[in-house]
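The two complexes that follow have chain A in common; it is paired with chain B in the first and with chain C in the second.
== the complex of A and B ==
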């Protein structure tokens, strides 16, 4: 059982002052094995360092407002049996378009693609795998999505199965939902 | 004193102890054999050791304690004698025959103890006799210890209420008289020590006096323990008499210690009820007494008392504690003209702590304290002393911590005036403290006037204060500072659009004074705050016709335009471009075509003129394309102009691969899913073909420069785009074209000398996708039927 925290688009301090208190109290160091962050933190010291304190294995890709311009455009990593791809998503036009994102997924050759930019949570399965958008962890303003609720995703990866838990802060209460995905054992990856 | 002095003292002490033990031994023998005469003889000899003048207080104490222990045995013997029928009165008389006065008096006190216990005479008579007799010893050290002995042995024999020694003749008043007298005499002896010896040894004397102070203070402790000393007796007798001695002794050491002692030893309710008397003594003390510490102690005790239970609070109001303390402090500060600033501020900090504990709802009191502090500070330059600064910060932080609500602190008119006296660096530190308090407590500030007041307080962070032109502030610290201001902006909010707009204008006014270094931090949060307001107004449709409502999206967009313009002074073109695009999208949602067009124009101008870095250009053009793709407010002409520009710039990016990607991204500008108007299949194809040409050119370049063909990834990407539009039903995209592309790629990969695993995998998964779609059946399957993989 490997826990992966996926979050992004915090936009601190441009669009939000901080993570919601209820989220902060849930995110405790030592419980999570990996963090993948879609980007737009924005400030290094506060947010990047805070996330690193939760878990040292942290991966970030560049959002268009990130202070640190050296984050990569895309990243791939393997966790257990799954190959994960990470990209902020402003590079994929049209923004939020699932077919275009599927193309990126094929290009990175990953089972799970995690992107952001739209600030709207999505978990979508297609023949090539799963596309996940953890939304905005702070509920930051978005020109694309109205009424953004703060959200983040926790993935529990266990052999060929991943359970995606989405945590959303709606009207002051944290609501959790979960979605199951199974990877078919056929060797997709061209090794 | 020579270094041999200490050694000498050790020697003398040893000698004294030896002598004492020697005589004690014989005394024990006498006690064992009931030999009263010898017992008295040897005990007197033993006590003679206490006649020494050669020991320091510390060493004398050692000797005294040993004597004390021996005298306990003697006392027990006397008790036995009395039981056996020996007349205690005779004994009392007998011991007075001892040769030297000091041993005589120790013995007298010892017998006196037994005498009182026997009840053969009223306690008060014996006590009176003893306390008077002790006057025989005027030597300070010896006198103090003697009287201390008297105090110790009489402790449990005072005619207190409910004690066995109370009677018709003996009252609590007698007990109090006795202790007061002993106290007065002891204090006089103690003060007299100051005069002994040469002037150069003053420090040594003070140290020695310090060691003895508890002997004097013990009397006050005893007084506090007497049950019969109720509030009235304390008020009428005890306190006035004690204060009289304190004031009259005119000794700095004694006054400071005893004032402190009074405060610590007697109950807080007594202090409350005698506040005027107690405070009245303060100006009468020696000017060198550290009265501010005394007052601070008093206020702290009273603060704790107030915090202990809510029931005592009305008492504070009833005795007008605040006014009395406030006046007393004022008098002290006035009287001690040379008091350093830190002293005065410390006093005010104590008073403020007191006020916040006891009268938290009385903001006028709190403001009064701050005002008094301002008065003391006025006329002086900015505070440079670190300790004083620290105290002022404590003064300013106290209301923040107490109220947890910055709005309350903003109501204190003197608060900003106090802040003005801090030096620039500390002013900023305080401003950060204020912001942190707001963030920690999640306080929202929701009126324009409060926002204005807040920004006045934190002005040290907002702009360069006069006198601090080039502040050598560490870059990291500066960033942290400005980021906290940025976060603060999100806490300024009101649901009412009119009020919110006022707030935005006020914030804007202030941050625009910040200069180029601060604008990149402070402008974005303001822009997004305004965009949120616009979105809120979008929802409300009711624009009351004819009424000049200030809060309209149009007006706000004007404001936004002017604000983003300010970033050109930094310069911050990339940030400005992003913000213009955000505004364009918002204008699109408000159906304001000219406004949206204007924002795009500004973005393009920045792109053309300011963004030269190729990597930055790539991101910027994708942002422009992505935003433009979502626009639905533009008429055909405007849309065409902007699209043409976007595609033009895409093709002009420096690196060929970047050109290719940007151009095929532009294909989406001609096909938007939810708008039947924009589905120009031909121009989509044109874009994709152009992208292909660029990809080809890139391949050829790679051939020339590296001797091998470049990666086929670009072709695979373009293939995927073909598939995209094929599925969307673009009639210009044929299965034949797709087939052709597939073959092209396959050939390229076969003829490739170097293998690129990423490109291979991408192509493989793309083919898998096609296969999958074929197998889907239905409409999709049909579409894909003719494509062979």
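== the complex of A and C ==
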């Protein structure tokens, strides 16, 4: 039972001052084992350190507005039986296109690909695996639209099964949904 | 009263350098031969470091076929001799093989000590703690019952929340078979009762799980520190690991089933002898279910002492302070001079030493084998171990009275917190005499 927090596109301080209070009250240290962040935190010091305080194991990839240039463009990690890939998403054109993202997923050879940039929560599945977009945790406006609900994703990885809990702030209330996903035991021949 | 016969080696200068005492009660002679012979009988244990007697002295003693502890007979100051021990052992065996066991008789016999090598201690302890009924015919069904109950407890309470949610879904018939076939948006489903990992609700299983992790961490730390000198409990072997795992499970279950008291440091020490004895049962089936048996016996044993572990009850009539006061009173009754010297002159507050003696049932004051013998007597008291415990503590004080009377605060405290090893049977004998005295 491993809890992985996936979030990104915070754009602090340029487009949003902070995470919503309701999200902050839920995110307490000691519960989460890994944090993966798609990018665009923007300022390194405060946000990076805040996320590090929730969980020491943190992975970040570079978004186009990030001030810390040292983050990598993509990252892969293995948690339990799943391989996760991380990328901000502005590199993948057209932005948010399933086929292009699928191409990136095959390139990274991962089961779950987490990208951002569109500031919209999405969870796709295709033969290769699953693509998750946690949206923007602060509800910052994106290059495409102003109408953004703050959202993030918490994955509960347990052997061959992943339960994805989606946290969204709609009209001031936190709404939680979940998505169940099982990985078939045999390796995919696509790679 | 003098010893029946003093063997040559007992008079050797290896033992204490003190001159023969006048009063028999001040006998300081501390034969540690008890441990080597016992460790011969129970192989998996490493010998706790012995300061004095080289084991070769003991092995020279002819060990009779039945009797595996020659230590007991020769320097037991009570009138019992080798023959008495053998007779007690046969009596115990006879009692145990009866169809309906006379508990009164069993308690009487057990209070004098249970012989080591014969493998009857686990059964006797289970009878004394009323885990097994005294009707032999009911044993099989009782045991099966209790063991399956324990298994259920474990299944219910020792699972993590992901497992729980999966089971709930399964039982509700919601089988989400999302696998890697096809493509498209993944369907989102509603969560039940606001159950999500970050939930802060009091009834949320996730929240409870995270709150329990603190206690689980503390239990883990204490279990790792239990008896670090014994191979049974500590070290890298898979045997030690599985024993630690069993201790952990029992303590976690106890904490979950008793939210009022949860886990308090020290409970691991009270559990350790129980689990050790049951795991070393010569009957394989019993040894395999040692965890379940130890759990129930631990609950039973602790039920009399729960209040000692509850901080809020410290100052109440049932709390630890009042028990320590009882000990003080007992000492005053039997040995006023010593009492006065300790409390008034050298101002050694009994809390400084008696707290650990009482809450941990003397497991930390003597080596492991000796504490098992003390527990034989403690558990066989029909009115519960507390009175016997206080009497033994009182006897402990009286036995070293000469050194205490000669000491000041620092030396007395040091002495009491590192109680010198002594002849256990003598200690128990003196404690028993105290009982007779006080009923005058």
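Keep in mind that, in the parts below, the second predicted complex is superposed on the first by the 186 of 191 C-alpha atoms of A that agree within 3 Å, B and C clash if a C-alpha of one lies under 4 Å from a C-alpha of the other, contacts with A are read in each partner's own complex, and residues count from 1 in each chain.
Going forward, a residue touches a chain if its C-beta (ideal position, glycine included) is under 8 Å from a C-beta of that chain, and two chains touch if they have at least 3 such contacts.
Everything numeric here is computed off the predicted structure, so don't read it as measured data.
Trainee: First (chain B), second (chain C), both or neither: which does A:98 touch?
Mentor: A:98 sits against chain C, while chain B stays out of touch.
Trainee: Once chain A of both complexes is superposed, is A:146 in touch with chain B (first), chain C (second), both, or neither?
Mentor: A:146 sits against chain B, while chain C stays out of touch.
Trainee: After superposition on the shared chain, which partner residues are touched by A:172: those of chain B (first), chain C (second), both, or neither?
Mentor: So A:172 meets neither chain B nor chain C here.
Trainee: Quick check for you: in the superposed arrangement, does A:14 touch first (chain B), second (chain C), both or neither?
Mentor: First partner only.
Trainee: A:127 contacts which: chain B (first), chain C (second), both, neither?
Mentor: both
Trainee: With both complexes overlaid on chain A, does A:46 touch chain B (first), chain C (second), both or neither?
Mentor: first
Trainee: Same chain A residues contacting chain B and chain C, which ones?
Mentor: On chain A, the residues that contact chain B in one structure and chain C in the other are 127-128, 188.
Trainee: Flag every residue of chain B that touches chain A in the complex, lowest number first.
Mentor: Answer in residue numbers: 439, 442, 476, 479-480, 483-484, 486-488, 490-491, 521, 524-525, 528, 531-532, 535, 578, 582, 585-586, 589, 619, 622-623, 625-627, 629-630, 665, 668, 672-673, 713, 716-717, 720-721, 724, 727, 757-758, 760-762, 764-766, 768-769, 772.
Trainee: In their complex, what parts of chain C are in touch with chain A?
Mentor: Contact set of chain C toward chain A: 160-163, 165-166, 176-191, 194, 196-200, 210, 213.
Trainee: In the complex of these two chains, what residues of chain A are touching chain B?
Mentor: The touching residues are 11-18, 21, 43, 45-46, 64-65, 90-91, 93-95, 99-100, 102-103, 106-107, 109, 127-128, 141, 143-144, 146, 188-190.
Trainee: Going by the contact rule set out above, which residues of chain A touch chain C in the complex?
Mentor: 1, 3, 25-28, 30-31, 98, 122-130, 154, 156, 158, 161, 163-167, 176-184, 188
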